[in-house]
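Once you've had a glance at the structure underneath, I'll fire off some questions.
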């Protein structure tokens, strides 16, 4: 490998840009993200959205997997309680995530790395604000070191 | 292995300005499965779609990724496109690089990098897609309307008009509902009976409409297009086929002391009775709690009187099971009974009445033949106080938090009618707010105040007391901040609208959802106001929330339109992105069924072949026509037997992996 | 023979870990395993057994074989071995020391397992004689002398001293590196200890387990013995016995997709697992009875049959204390050691 | 204990004689006094039936398979086993009709590893005298306090009441007293009070010992899947070893999550762990959270109640409650 001056910067010292995975339910939050887009309300590009039919589709395994693969934060967005397209899905998601997040905290994983937000299809501004805030929180927490798989690091 | 084509849309400059589309196409070429990648100005245009179709054929693609606007925008379009070129419409994935990328990022490098990752995630998912085929099911061309009030009647008439059979199930002995008890309607003050009874007659005479009065829904199974409903016909003890409705039995009945429900208990009826003159069907029913024959076994006068031999004391409850394509809930409401509101002395003072009781007192067919008389001493009240929002808009446990919507208007109507008929009567209305949104509503209210001299006081009634046969009303005027005590001869309480008490159990039977107030929940508050979240179950009238008559009728008709739309189909295509249980992995624990909002999961004993070992297992089977594809079951299933087609565990994990690379 | 006072033993460990990694029984989070020595580590030479056996050092539970790097559609293959580092394995008991012979039969036979072979080559074994066996011990049944273990160096511990004797060239070489901290010693104390230990060994409850029936001739009789059914009936099918066993040598080779490549690694497998040796058509051993029987037939009949009578059990007793339902090889030997209906 | 042993033998033989059941899952003595093995017995080998302070194993999971076989099986259920039994019946994993449940009393089970941890090795026999345990060893006679060597779950005993049975060997009220219940959340509380880093270090220390032997999973009555996700190559998470720290965490997080709301806190996972990882503290964390967030719930209390993860209320707390609770970050 050729080494020149610009290449010798230690990757560790590089500005940390967190990788954030956002699971969004198709009916509210994904539409809310679309609205944020059509309203040109920006949020960091390192937030990547995965569309799921409902927040209740999100298995704790998916969240752990994101961390395993190097995500620094995972956020789950769904319809507001009471507004679920499937009427009750987000109520189950709420309990599951509450318990999962509590367990991660119990295991000593930084609690800020996971979040649930309810974002309706009309709340483009909230979507954008939420993502900005979450990205800032994760930035402050720094890279995820406690819940990642060393094999997946480049 | 898939052969995937990736098409990156410029969307003019919408995407191309912040995403280097050519770079995206280039970057995905190395991804597993990708055999073709290109960019194009407008993928959704005729030209773009032709490009997709031609490439599918030329390259023998098995799947297509389109990097473009949100799938909420054009997923359906592109599904049709790929289907037209001969590949399964579910072998399509869309990477949302407009709303969720180009429109929110300004830096082109950043935008391009993100677009590449989103495209790769879509490719990773598509690599695991399998063709999905929408299931088909037949549609039984008959609708069931539960509740025979104005909402149910309107819906039934409209459906029948379109040529489909409709059954109405009404738990009361007659159809007509609450509107039958109303005297005049606001804001036109036309006679309620005059507009309702012809509709009741139409319903009864329609060849397409079959009325099960004095009947209740006992059991519901099945799913959209294919419901099976068991209806319980309660015994009337009168043979409807023989009865002529002459009423002789009622005249002769010796048991005459039962409070008359139709008149809100303000007078009495006989044990065998027809609720009111225009009842449909005009067939009496025997109230076994009051009937001497049933109580002592001794009477039987009605039987002797009936020249048609219609009285049948041995009649039994009957269960009828029929199939329906659609079910309409039109269970309506009941006014709250203000027994918990001690401050108004409703239980103690006969002259404190509810609005519906007042309605009967003003009605020509009511207990006083339309002459307004105080229930206590049958004298003309000279001073009447109306109290608004009794049980509505409150915070305590005896209150409902919602506005009952119709009270402001009917109170204005009552006040106006009283002042019109008895100009010497002083009428005062205590209100929190007067809410008059509606055509000619505010004009109506202003007429009450300005032309009819009704006193409207913004304030609350704190206490009603009975003193020497008259009532003292303690109240506060919030505008002048005065405390006052008014003399009144009558107090009328505008009690809250409550959903019918059967709503809750019915919702369970239908797996339809209800809100905390027991009103049925609509599928979408704005866009699907007459559908319940359960496919094939529709909502008509006040069961969904407080409404006045015109709104109820409008919703009834809207509901009918939805039902007709469904019944007009010969078969239903279901969303193929539904749950599926792997029979070899299923433990049969039924946890998935516990979280299914649609009752889409059944348990069957099925013989499975587990690597050569045949055995009968108790396992979950998803009814694909009922499943809506939310995925709640998939996460609750510890073994992972339950998965969601189109959003499978592995597919979502592949997206996660691609994003976190 | 050399010796060192126990209160100076850290000097020995420091010397041993000077140039290479020293593994020895260390307690962490309440359990004892062979961990690399570091200052202030809680060394537990008094413990009879580590939870996992010493085989972990030569045949680790998880071991990378190679890495495949993906670049677009190109795959680059790199060796993933980390087996060339020299190390000292200190404190191996006689049973575990014998287990290396068993493993050698498998991994050093043609074709040689180069990963194992490299570790064997680079590892020096310092074994440690037992003086306080437990009721679960029965190494004597397999002809192992717990007071005189195999190894490159053997050490004995008494209350004050550690006695050191090199047994092989490797051992001599290692001794040279630590000579400075050792002093010469006669063997009296060691001999006394050996005699005392032998007396205790004679009282071990399992010392008389009889292996005479486990021969080739009886193979089919034992295989078809109906008592396997009741013995295996409550086996949970977990891998505890296998994973604590010093001689179990089965492994699985798996690929792990890292997102930017594939890691091919091997890891211990257990014949007690339902999916052990599963093939496209299913699993040849469908029931827990078959899997249970396989494990013990292998240890007591098949392995000796193929390896000059060497049993692939060393009597360490780990499975006796770790099996969740206390079924174990001693019970099997007792049951199957006598003919059915006798 | 001896009395109960005799009563039990008599009752069991009566039930097998009169055809109430045709076999029994009982306990068989082992090589030593403590290595008791569960075993199916019939009339002909009933004399091997045995019940002592080392019969801790929760046998309810065996009933999954046993209740599929011909005939009726007699199950001996200690009070705490009945919770698992109910849970399995609720989840249709055990066919209740095929089981005759005989409730047997329990006054706390002993943990031989705890005896050994006291430095008592070379155990030849153990005598349980109620308060004191006498241990004869190859190195002389030793004694220890019974409370010192009780199994962890017995220290937080749920009580002597059987939650399900067809018959009780002796009425619950006449059964011997159970050990005084300590607060089962004590250690969870302690962990919660630590800093995040301390908790992380604690769990890393514990979970890094995991050898992925699956004993915890295979013994767990709630882990009753035909095929576990971690064994299913199509699940995307299957593995046979913990190739990375992450996999140690994931296995135990997911296992605890899958049994959340279903775990009766029977403690078998910790009992069987060859590394003595306090796995029950993961389950208890979920139990404690469920109790606090959604109201007290004891899985297996009956065989009908809806589990907390298959239920909800509109006013449930939000996941952000985690931010407000627990030790500092």
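Order of writing sets the labels: A, B, C and D. Residues in every chain begin at 1.
As a working rule, a residue touches a chain if its C-beta (ideal position, glycine included) is under 8 Å from a C-beta of that chain, and two chains touch if they have at least 3 such contacts.
Not measured: the values here are computed from a predicted model.
Of the two chain pairs examined here, B-C and B-D, it is B-D that is joined by more C-beta pairs in contact. Centroid distances from chain A, each centroid being the mean of CA atoms, peak for C.
In whole angstrom, the spacing between the mean C-alpha positions of chain B and chain C is 70. A separation of 48 Å divides the Cα centre of chain B from that of chain D. A straight line joining the Cα centres of chain A and chain C is 45 Å long.
Separating the CA-averaged centres of chain C and chain D is a span of 30 Å.
The set of chain D residues touching two or more other chains comprises 227, 229, 236, 243, 309-310, 314. Contact of a single residue of chain C with at least two other chains is seen at positions 256, 259-260, 263. The set of chain A residues that touch two or more partner chains comprises 60-61, 65, 69-70, 82, 88, 92, 96, 149, 151-152.
Judged by the touch criterion defined above, the protein chains are all mutually in contact, each touching every other. The residues of chain D lying in touch with chain C in their complex are 30-32, 34-40, 57, 62, 112-113, 116, 121-124, 137-139, 205-206, 208-209, 211-215, 217-219, 227, 231, 239-243, 268, 271-272, 274-276. The touching residues of chain B, when paired with chain A in their complex, are 70-73, 96, 98-101, 103-107, 110-111, 113-114, 117-118, 121, 513, 515, 521, 524-525, 533, 577, 595, 597, 628-632, 634-636, 644, 647, 649, 652-653, 655-657, 659-661. Every residue of chain D that touches chain A in the complex is listed here, in rising order: 191-192, 196-204, 229, 236-237, 243-247, 249-250, 253-254, 256-257, 260, 282, 285-286, 289-290, 293-294, 308-310, 312-314, 316-323, 325-326, 329. Across the complex, chain B meets chain D through its residues 516, 584-591, 594-595, 603, 618, 636, 638-640, 649-650, 653.
Interface residues of chain C facing chain D in the complex, by the touch rule stated above, are 28-31, 33, 48, 51-52, 61-62, 132-135, 200, 203-206, 230, 233-234, 236-240, 242-244, 252, 254, 256, 263, 265, 267-270, 273-275, 320-322, 324-328, 330-331, 334.
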